[in-house]
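The structures considered in this document are given below.
Consider the two complexes below, in which chain A is the common component and chain B and chain C are the respective partners.
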Partner chain A sequence: MLELEGVRAGYDEIEVLHGVDMHVDEGEIVALIGSNGAGKTTTMRTICGILSPSHGRITYRGEEIHTKPSHEIVERGIVQVPENRDLFTNMTVMNNLLLGAQTDEAIANREENLAEMLDLFPRLEERKKQRAGTMSGGEQQMLTLARALMGEPDLLILDEPSIGLAPHLVQEVFDVVEEIHQQGVTVLMVEQNVQQTLQLADRGYVMENGRITMSASGSALLEDDSVVEAYLGV
Partner chain B sequence: MPTIPERRNRMRHLVTSVAAAPLQGGGLDRFIDPFAQFLTDIANMEPVLLQLLAFGLLLGGVYALTALGLTMIFGVMDVINFAHGVFLVVGMYTVWLVSTTLGISPFIGIPIAAVVLFALGIGVHILTVEPIIEAPQQNQLIATLGVLLIIQSAIEIIFTPDPQQVELSLGSVQVGGVFIPLGQFYALLIALGTMLGVRAFLNRTDLGRKIRGTADNRDGARYVGINVPQINYLTFGIGAALAGVAGGSIALFQRFDPFTGEAYLINAFVIVILGGLGSFPGAFVGGLIVGMIQVFGGYYLPGTTSQVLIFLLFIGTLLVKPEGLFGGAEA
Partner chain C sequence: MSTLESVREGYRTFDDQRYAPFVKGVALFALLAALPYIIEIDVAGMELAATLSLKVLILTVIYAYTAQSWNIMSGYTGQFSFGHAAFFGVGAYATQLLLTDVGLNPWIGMLIGGLLAGLYGLVIGALTFRFNLKGHYFALATLAFAELLRFVVTNMSELNGANGYFKPFPRDYGAEYGLAAFQFQTDLPYYYIILGFLLVVTVVSWAIKNSWVGLYFFAIREDERAAASVGVPSFRYKLVGVAVSAFFTALGGAYWSMYFNTIRPDTVFALFKNVEILLPAVVGGPGTLIGPIVGSFIVTPVSEVARTTFTDINGLDRIIYGAFLVAIVIYSPRGVVSWPSRARALWSRLKGDEEVSE
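Moving on, here comes the complex of A and B:
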């Protein structure tokens, strides 16, 4: 479904990704783990066209997307929950949700999806007239997730969806991701909660210094000594 | 040897004469007296105050409209558009041209000016701003300054630097002893109508929502799939069209030449800073404040001192509340 081949990217003169190869198949949950600064977020930003790679290629359903602007990538069905959320903080929760629907299809089903989101996240229903920036971190995270789902993604990219959340909210995020996946959405996620993520994921990649250093099934990675030592703190 | 009280007296005399030095020649008096006069007039409830208030409102409303396009372009694109003043002038000349050569009413000329400026704005954006949109801000500032000079010179070459005037004798009415020139009154109505219209467009339509979203968070806009480059040129076009309406409205009551835009541009900048860059209500309130200062200052203060007050307000805002009155509020 999604394939990265030898992707190099970075900011200005500083290269962060030194040739990333990975792929996501239809219907999978794929996890990307690695320490801070390994290049996970840069990878996610590059897939969505926020950054453009200097070398390599990214294909989605056989079509090259790394030369396309971000809105055309969303049009093809890839939607991201970015690490720093990037909510429209001065706008209401309702407007944030409405802005999540940009493709023709998503706009056509907007009312329906909106009702579904407010049902899935009852807190957002309560706060729909409130400005997004005035909500708690957990509520903002739910809104970011709901906004992304309003875009009807085929491939949902989650960059640290549970960062900074209280434990019960972390569980809620994982529950929602599982539910979305069961509805047929393919998921690529970066997460700090390595244990929980690898239990959920079909496959996982380990990233170090801008390269993929290991690739295996989620359960295999959970049993790998070097992964356990480096990321599970055992 | 002088006695101690004597010395104290001499010292006191010295201190008072030094302190009074700037007052000699009436320097400070000339600045204080008008304010004293203003307060006296308020205490006496002089009818002139009502007249000045009316003039301030008439001017301030139009000023708000001149600042609106500028603040919108900044809010969405972080571009400070120096060409905004000359866009106003193009609006003035458009209204003048269609009314003098085609015999079309200046009131019809104003929407025509909006269309002309919308197209011009998109053209200018694609040619000058778009290619350097990701570059540091001073680049776009210099590019739009270049646009200002080119358009201004072109107008000067085509229409001569002589002042022009839209032939329109609307006269004036008196309401409760307050004299209201109708040209300015219609300009105010057009300004208010346009501002309400833009506000409804931004708040109630999908495109307006996308523009606000892009202004709020550019990366967020890209993540949800908004076509940000398209929003950019539409915003630049709408901002320019607003300048066209503002310029056309000003032409209803004022003579203009190719350089008229400069004064308006400077005031529009002050309004935008005062109200908060990118803020809609800020542009409105800022416009009224600057209009009031200019009208009241023009009446009470000598010469162009009111413009000094406006700049003091500008610098004061930057020092005390650089985000402006409405900075950070809903765009």
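Moving on, here comes the complex of A and C:
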């Protein structure tokens, strides 16, 4: 479904990704793990068209997307939930949700999707007229997820969805991700909670210094000594 | 499905609420329409018109109109333009040039001027947005484009250089004084025409604010990168903002050229014209519908009356503009229209209420 081949990218003069190869198949949950500064977020941004690669190519359903601007990538069904949440904090919860619908199809189904989101996240229903910036971190994260789903993604890209959340909220986020996946959405996620992520994921990639160093099924990575040592703190 | 029904219900109440400002708007414009008569009311032997003349009212509504036009781009999408004099001047010059040299009716010339200004706006937008100019850099770039036109026009003999144009008489283009000729022998009809302009641009602004375009505009203003990451084509919508804004600003310039007898590069393209266009919106409340109108009624009469009263102090009006600009930016960046809600919040805090709105 999504394929990265020899992708090099970075910020201005500084190259962060030194040739990344990875792929995501339809219906999978794929995890990308690695220490801080390994290039995980840069990978996400490059896929979404916020950064453009200097070398290599990114294809989605056989079509090159790395030359396209981000709104055209969204139109193809790739929706990202960025690490810093990127909510419109001075706008209402409702308007934030409405802004999630950008493709023609998503706009056509906006009312139904909105109702579904308010069912899935009852807290948002209570707060729909409130400004997004006045909500708690957990609620904001739920809003970010709900806004992404308003876009009817085929591939949902999550960058550290549980960052900065209390433990019980972390579990809630993982539950929501699982539910989204069961509805047929392919998920690519970057996470710090390596244990929970690898339990949920079909496959995982380990990234170090801008390169993929390991690739295996989620459960295999969980049992790998070097992964355990490096990321599970045993 | 009950939630779906509640959403639909929400949409309906949203629609109802949309029409509440309509009542306020009708009241406001009725008041504005009555103003020329109100200033002539004799209060204790003094007419308000002695200081606040119809001329000042016309000027006030002109700047309310241009500020409302500026607001569509800079207030809604957050791309702060310091160069709207460019569009104003293009409108004025296109109208006068077509009128003098071709004999084209000013109502048609005005629309052509609007389209030309919109085109110039698209060129400025395409160049600046493509290279992602933001904030001060963007404001300075727009100023440069405005100054560029001033220099070019001043040095073009084809456009009469620094002398500009002198508005022809109606009979010169085969018309009589009246609406069709866009020329009148008294000021009152001019007042109602610019009020009509203001009404049109206010209705257009209201329609934009309540549409999807408006939602995208505000998302871009709020956080452009976030808007791009949810998939708002921000480049395209910023261009829409600048083009619409430029078009309406140019009509203001065209009106100016018909109301005053002459236009010159250093009046319609003046450096200070940029400030006069944006200040009412900034003072009143950028991004709001009523802000530019309220702002103009605060800023313009004060500076005009001061300028005509203290004639020996050169440039007093500009000092007053400067003082307004500094004070509002420091003490109330959301403008005068945010004061009622701030006062309510303060009041409820003083009363010790738990409930604080906003």
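As a working rule, the second predicted complex is superposed on the first by the 234 of 234 C-alpha atoms of A that agree within 3 Å, B and C clash if a C-alpha of one lies under 4 Å from a C-alpha of the other, contacts with A are read in each partner's own complex, and residues count from 1 in each chain.
Criterion: a contact is a pair of C-beta atoms (placed from the backbone, for glycine too) under 8 Å apart; a residue touches a chain by one contact, two chains touch by 3 or more.
Please read these numbers as outputs of a predicted model, since none were measured by experiment.
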Item checked: Fit or clash - chain C, chain B, common chain A -> clash
Margin query: In the overlaid three-chain picture, which partner chain does A:Glu125 touch, first (chain B) or second (chain C), both, or neither?
Written below: second
Notebook entry, point to check: Where does A:Glu3 make contact in the superposed view: on chain B (first), on chain C (second), on both, or on neither?
Noted result: neither
Next item on the list: Classify the contacts of A:Asp21 with the two partner chains as first (chain B alone), second (chain C alone), both, or neither.
Entry: neither
Next item on the list: Have a look at where A:Asp202 lands relative to chain B and chain C in the superposition and call it first, second, both or neither.
Entry: neither
Next item on the list: Please indicate which partner A:Asp154 is in contact with in the superposed arrangement: first for chain B, second for chain C, both, or neither.
Entry: neither
Check: Does chain B (first) or chain C (second) touch A:Glu75, or do both, or does neither?
Finding: both
Next item on the list: Kindly classify A:Glu111 by the partners it touches after superposition: chain B alone (first), chain C alone (second), both, or neither?
Entry: second
Checklist line | Shared contact residues on chain A - chain B and chain C | finding: 48, 50, 69-71, 74-75, 79-80, 82, 86-91, 95, 98-100, 102-103, 147-148, 151
Note to self: Applying the document's contact rule, which stretches of chain C touch chain A when the two form their complex?
What the structure shows: 1, 3-4, 6-8, 10-11, 215-216, 218-219, 222-223, 225-235
Check: What does chain A use to touch chain B in their complex?
Finding: 48-50, 69-71, 73-75, 79-80, 82, 85-91, 95, 98-100, 102-103, 107, 131, 147-148, 151
Notebook entry, point to check: chain C touches which residues of chain A in the complex?
Noted result: 48, 50, 69-71, 74-75, 79-80, 82, 86-91, 94-95, 98-100, 102-103, 111-112, 114-116, 118-119, 125, 128, 147-148, 151
Note to self: Give the list of chain B residues in touch with chain A in this complex.
What the structure shows: 206, 209-210, 212-213, 216-217, 219-229, 328-331
